[in-house]
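Presented sequentially are two complexes of subunit A, the first with subunit B as partner and the second with subunit C.
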Partner chain A sequence: MAIYKLQINGRSYEVDVEPDTPLLWVLRDNLGLVGAKYGCGIAQCGACTVHVNGNAMRSCVYPVSAASNAKITTIEGLSEDGSHPVQLAWDEVDVAQCGYCQAGQIMTATALLNKNPKPSAEEIDNAMNGNICRCGTYHRIREAVALAATKQK
Partner chain B sequence: MPNVTQDSRRNFMKLFAAAGGGLVLGFNTTSSVASALGLIDEAKLPAAAIDFNSYLSISPENIITILSPNPELGQNIKTSFPMIVAEELDADWTKVKVVQAPLDTNKFERQVTGGSGAVPHSWERLRKAGATARHMLVEAAAKRWKVPANSLTTENGTVVHAASGRKLTYGELATEASKVPVPADVKLKDNKDFKLIGTAVRNVDNHEMITGQPLYGLDIYKEGMLYAMIQRPEAFGLKLKSVDAAAAKAMPGIVDVVTFKNNVAVVGKSTWQVMKARKALKISYEQEGALESSADHDRLFKELLKSPEATVRRKDGDVDAAFKKAAKIIESEYQCPFLSHSPMEPMNFFAHVRPDGVELAGPTQTPERARDQVAKLLGIAPESITLELTRLGGGFGRRLSADYVLEAAELSSLVKAPVKVIWSREDDMTGGIYRPAVRYRFEAALDAKGNMIGYKLRGVGINSGNPTREDNFPSGAVENLLIESVEHQSPITTGPWRAPITNFLAYAEQAFLDEIAHAAKKDPVQFRLELLERAKKSPVGEIKYDIDRMRGVIELAAEKSGWGKKKGVAQGFSVYFSHRSYVAQVAEVKLKNAVPVIDKIYAAADCGIVVNLSGAYQQVRGGIVDGLGHAMYSKLSFKGGAPEQQNFNNYRLIRLKEVPEIDVHFVNNGIDPTGLGEPALPPTGGAVANAIFKATGKRLRNQPFVEQPELKNVIG
Partner chain C sequence: MKNEQIGKATSRVDGRAKVTGEAKYAAEFNVPDLTYGFVVSSAIARGKIKSIDTSKALAVNGVLQVFTHENRPGYVWGDEKYQDKDSPPGSPFRPLYQSEIQFSMQPIALVVAETFELARYGASLVEVAYKQDAFDTNFEANIEKAYVPEKYKSTPPPDPRGKPEKAFADAALQIETEYTHPSEHHNPMEMHASVAVWEKDGKLTVYDKIQGVDNSQQYIANAFGMDKEEVRVISPFVGGAFGSGLRPQYQLFLAVLAARELKRSVKVMLTRQQMFSFGHRPKTTQRLAVGAAEDGKLEAIQHDAFAETSKFEDYSENVITWPGVLYKCDNMKLSHKLVGLDVYTPLDMRAPGGTTGIFALECTMDELAYKAGVDPVEFRLKNYSEKDQNQDKPFSSKELKECYRQGAEKFGWSKRNPEPRSMKEGHNLIGWGMAHGAWEATQKEASAKAVLSPDGKLTVSSATADIGTGTYTVMTQIAADTLGLPLQDVTFLLGDTSLPKSPLEGGSWTVSSVGSAVKAACDKVREKLFKLAQQVENSPLKDAKFEEVRFTDGKISLQQDASKAVTITAALKQNGGESIEEQVDSKPADKQDNYAPYTHAATFVEVKVDEDLGTVKVTRIVSAIAGGRVINPKTARSQILGGMVWGIGVALEEEAVMDNNLGRFMNHDLDKYHVPVNADVHDMEVIFVEEKDDIVNPLGAKGLGEIGIVSVAPAIVNAIFHATGKRVRELPVTLDKLL
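Coming up: the complex of A and B.
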């Protein structure tokens, strides 16, 4: 066990965990931030996606020991009230079915739009292809990302 | 409402005025008399008043709370159920608060998600719940204003007296309304007056989902809760022999290692700690059943297709005679692999077994069955168990089984602590209860004019039960028909998988019908319509599908897709009746550099009245994506009793780039809702395979398509 200082959603946290603990489980079990989901544990499905220094990362394989000094954003940190353009687009398009994968989808989409505010359809497809939605809401994901791009300030 | 079923005659009763006033309504399945029960809170309800199955409450502050009793797994029931109540109530939807109800077998009926049955089952009772409350609110306003009730109207959560311009909100009337006698019967709206039903309403949990709030079983944390992961036998046919848990027990955060049945459970203080410690277990197993491989199943299927020991499912006319006089015989075999359900949220459940009762919480499609099985396991009364339903991160039939709930309960009773059992993705994929592997053999006899005079189907499956649906189309349209099945019992566990059996059977049947149409030189749509016409004019045996509804979706899909009128695109057709609804699909394939690419899929669905257009549209599209993805890519195979795929790195699910455009249309026939959770899935594989045939001349008879030699170098 070791103490790690983490910067998450603009706040400082301190956790005492084993160095190899994936960031996902620190968020969920130690900090109660359960927005990032466990789906596969091997970076294949994207349900656990968070931002590390602005990049979309699979938190299920990202050890906490690598997260010190990094700026981490989870879905809880996108906005206080669900008013981030990507969140608004997800609501407006009514994307979710079961909803379990959607936090990861939203975080992947947000990272894309932060880097590329006006992505082409192909760029959206490329960015979102790593996130599995077992319900098959892919059409609405595409639509919501495109809509969010029009809402970005 | 013209047709009154037995359900709709069930009596309503007023239950109690909520604390601080307000109206709470339910409807009773047994009692016809009720009286106002005074100001009590729900927990203190007298036993006599609890016997109802759905309810809504209206607070003086004008908040309308509607309980949604059925498990929500993405079929959107938590939005569509309350919409039905709110419609008849004429509620202001923006003031409706929806709450997931826990399991309550006194209040609710059929708290189940499965069989596409929730809306069909509850349609009338939900409408009556809303209409009864509306009636009482109107009566209360009439009394207050001293005007006839029939001079009042309702809109947007208010009662209006147009003649005087007066208006009161439901909240303002709720306390008085709770004292109005409950009507024995109420008039329901004409469909044409629906304002909310049939519109696109956003998911009531959208805010929680997009902001990452705890909603799912895996998100639950309860005071003092321990985390557990269970090592189950790595192959079907093995049983536990011995365990050396010393190393695992010594690892940080580990509280205990407990063995029960074939399970070795590692219990500790965090998910990661138990996940890691589980890898340190040293377990030996011994064989107790056959260790089957997929190669064994392939051989077995061929034997069973010839076996003299088949169960006859349906027999019309004389098939032997028909095949003897046939001008042409078409034979074909189709096979599907086992599939994992793989909902995005793996299996998990919380249990706290205390001396005075049991607390259960988590994702299940069948809370009542789970509770009853836990009661039996622990030898306690079901009434001493509470079950809180979380939102389900998918289900697809996997959570109809309560195995993981039983694990949590048994483990909690052994460690005497609140515990959550968590399955890893690998546990979820290798832990059993799969869509069974099945092989079908079809034979059709045509006369010289290309009429189908004989039809034979034999289905053989591994723990498949009856892998046929013997009364489905084309049964009833063929004079001589034989449908039979053979089942092989295996240690590999199986269970219902979204659109059980029909998820593959529909593909096989619809692809075979395409083969027959091709052999008979008939247009596939025309061929199906002719068969339906024959079934209508001179039905053979019993017909258990609605010929007109099936024809309706066929014609709508053909119209919307421009069937047979397009150039440069190959179209494939499929239509299927499953559960209570009808869906026809047209898949379009284009050749790009000689590679067939699925370009677009049209769907025409008849599910009766569409409750929520947003949910329904996505339900059809999602069902098609599910059907397409599994037909194209997914397979669970076995070697020595163990699954060869363990996670999404080697078990392929469809991804965003692989979905074609999908265009959905609904038949508008005003029939009461007939369900939509499953029926869009079965037709997809057939439509796609038939379009690929049209484009390439190659028939796909086995799934997944990407592994078929016919397409080895063309799709992937």
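Coming up: the complex of A and C.
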């Protein structure tokens, strides 16, 4: 076990865990930040996506030891009140069905738009391709990313 | 009416909770002092545990206990104690009951520790010695040993009608086919998980992933000999289930067992791999023999299904009932036999039986239409059935012809050249195919409660579930519509055993069953409100009759003269500061007995098949749905789109592959079990045709959770034939089958 200092959603946390503990479990079990989900544990579904220094990362395979000193953002830190343009677009298009994959979808979409505020349809598809949604909300995910692009300041 | 909520495209009332991470799923109730259980899964498919050594695990600091068949407490182990509301006939699996192994990855131990990581580590230290026995997991090798179950879980095959054998022998056109559908796993994105919270008084609060909290409550009460009052089950959000949550799964039993023994709160969440260790859509082979006249008019249908089940329960689903629903034919013989294997019992998976049966039926009919030289739509019109011949009952409504018409028009079907391989674009062969489908529109008994508080806010509740279907939203709309309230004044509660009873959330019956109960409860509140409104001083409604008023915009007014109105809050003042509270139990009306209620769909598909690589891209799907009155076009469309995406998975991707050397599904993760991803999904359009139905239930609405999937896979397979001239009869259609 070792102590790690983490910067998450603008707050500092300290956890005492094994160095190879995936960041996902630290978030969910140690810190109670359950917005990021476990869907596969092998970087295949995107449900656990968070931002590490602004990049979309699969927290299920990201060891906590690599995360100290990094700036981590989870769905809980995207906005105070659900007012991030991507969240607004998601709500407006009514993307979610069961909702379980959507934190990961939104974090992937946000990372894309931060880097590329006006993505083409193809760029959207490429960026969103690794996030599985078993409810099959793909159609609306595309619509919502495009809509969010128009809302970005 | 300005305030009408039914029929309005409304965004999910729980949409915000789902985009902020606020919505909490079963495993996310991190109560204080929580412990974590990790399941040890059997490495063999059949045999016995010779010994199980837990000492190394127990030596780890922080591991609290390892539960196995050797140290589990002695409970009552009768079959009936483990049967739940969705159990097939047979002897249900009982976790940690005995040393016998009945299927691969059977849970054989639960390691409980202070942290998840410790529990997982502890599980890796449990040493098991097995005595391995011979096992049967090979479906093909056992198909000729298929048997007729003593009792069907599904509708038993109807008696034969007419003279099917003779009619087939005499028919001008004959076709015999064999179609196979693989085993598939639900794989909701959320794992099955339960948090059993140990309360001070020895009672339990359980957060469970389930499609009906009543089922989990009853299961726990039975299995552990507890009173129902001692167990409260809560499930506010379910991260998809598609049938996997119809039965309480073993993590629930294990979490409760550990909580009771340790007198601590315990969370047990399965891994993705373990999601392949319980129910799945059964592998099914179907043989069809269909005879028709020269012009394609059907003379005889024989449809025989052979479907996988476990050795301990007889699971069956409605695979072979569809010819009797979808095609007019006087000579029919239908059978369904089971192939018992050493696997876990199969389990209803989105449109159970329909997905499988309609696929084989619709592909066979496409083959026959080609043989007859008749356009597939015309073929279906020619053989259109006005009644459900299995039960000899007319449909409560059936606008399927309108589905053909509108779907074909939108798709541009009339421009189709029927010749296979006749359409090409670069390397791509283009194919257009179609199929139709149906699904039951059942209403079940359900209860609901409506409470209208003095400030005019309405809370309605029923112990149903929202598995992403839109239950929260649709029920809120129905309640708001009935009482003429704005949506924001209405709250719907679900997923809690303290609420009025509800059927399992499945079978596309939630809107019709729970929705009818919600409407009935609100109707009663309406009557009370009207009486109160008449008591208001100088009430303009004093002499009005109940039938003459309407409820809109928070007011009760005369239909003929909207200026004669009393506000709901004014009426409520007459109630002495009390809330109005009504609870009702609703059940299907007797008149329904004389009809067969079904939803219908027609689907048109375009595929592009790379001639050199054999890759298939579904470039366009149009589905036209006849589903009665649509309560919420937005969530309804989402349901159908989701079904269409599933259809793509069924046709092209999904297959749980059994390794018969190990007796285990070998592709048990999301890397190798393929589900549709963003790149698989292109143009999709949903049309809801108008369909009026006064019989199906008081709302006139039919469920839409399953109709979206059933006709999609066959339409894709038929389109692939049109593109390539190759008829693939075994799903999924992977590229190796096309080269």
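One rule holds in what follows: the second predicted complex is superposed on the first by the 153 of 153 C-alpha atoms of A that agree within 3 Å, B and C clash if a C-alpha of one lies under 4 Å from a C-alpha of the other, contacts with A are read in each partner's own complex, and residues count from 1 in each chain.
In this text, contacts are C-beta pairs under 8 Å (C-beta built on N, C-alpha and C of every residue); 3 or more make two chains touch, one makes a residue touch a chain.
Please read all numbers here as calculations on a predicted model, not as lab measurements.
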item: Which of subunit B and subunit C A:G10 touches, first, second, both or neither; value: neither
item: Touching partner for A:M128 - first (subunit B), second (subunit C), both, neither; value: both
item: Contacts of A:A47 with subunit B and subunit C, given as first, second, both or neither; value: both
item: Partner chain in contact with A:C101 - subunit B first, subunit C second, else both or neither; value: both
item: Contact residues of subunit A, present in both the subunit B and the subunit C interface; value: 17-18, 21, 25, 28-29, 32-42, 44-45, 47, 74-76, 78-79, 81-82, 87, 90-92, 94, 96-103, 106, 125, 128-142
item: Subunit C contact footprint on subunit A (complex, rising order); value: 17-18, 21, 25, 28-29, 32-42, 44-45, 47, 74-76, 78-79, 81-82, 87, 90-92, 94-103, 106, 125, 128-142
item: Subunit C residues touching subunit A - in the complex, by the definition given at the top; value: 11-12, 14-21, 23-25, 27-28, 30, 36, 115-117, 187-191, 237-242, 269, 271-272, 467-470, 634-635, 638-639, 641-646, 669-671, 675-681, 684
item: Touching residues on subunit A, where the partner in the complex is subunit B; value: 1, 17-18, 20-22, 25, 28-30, 32-42, 44-45, 47, 74-76, 78-79, 81-82, 87, 90-92, 94, 96-103, 106, 125-126, 128-142
item: List of subunit B residues in touch with subunit A within their complex; value: 72-76, 200, 202-203, 205-207, 209-216, 218-219, 221, 227, 252, 270-273, 276, 342-346, 391-396, 424-426, 614, 618-619, 621-626, 629, 647-649, 653-657, 659, 661-662
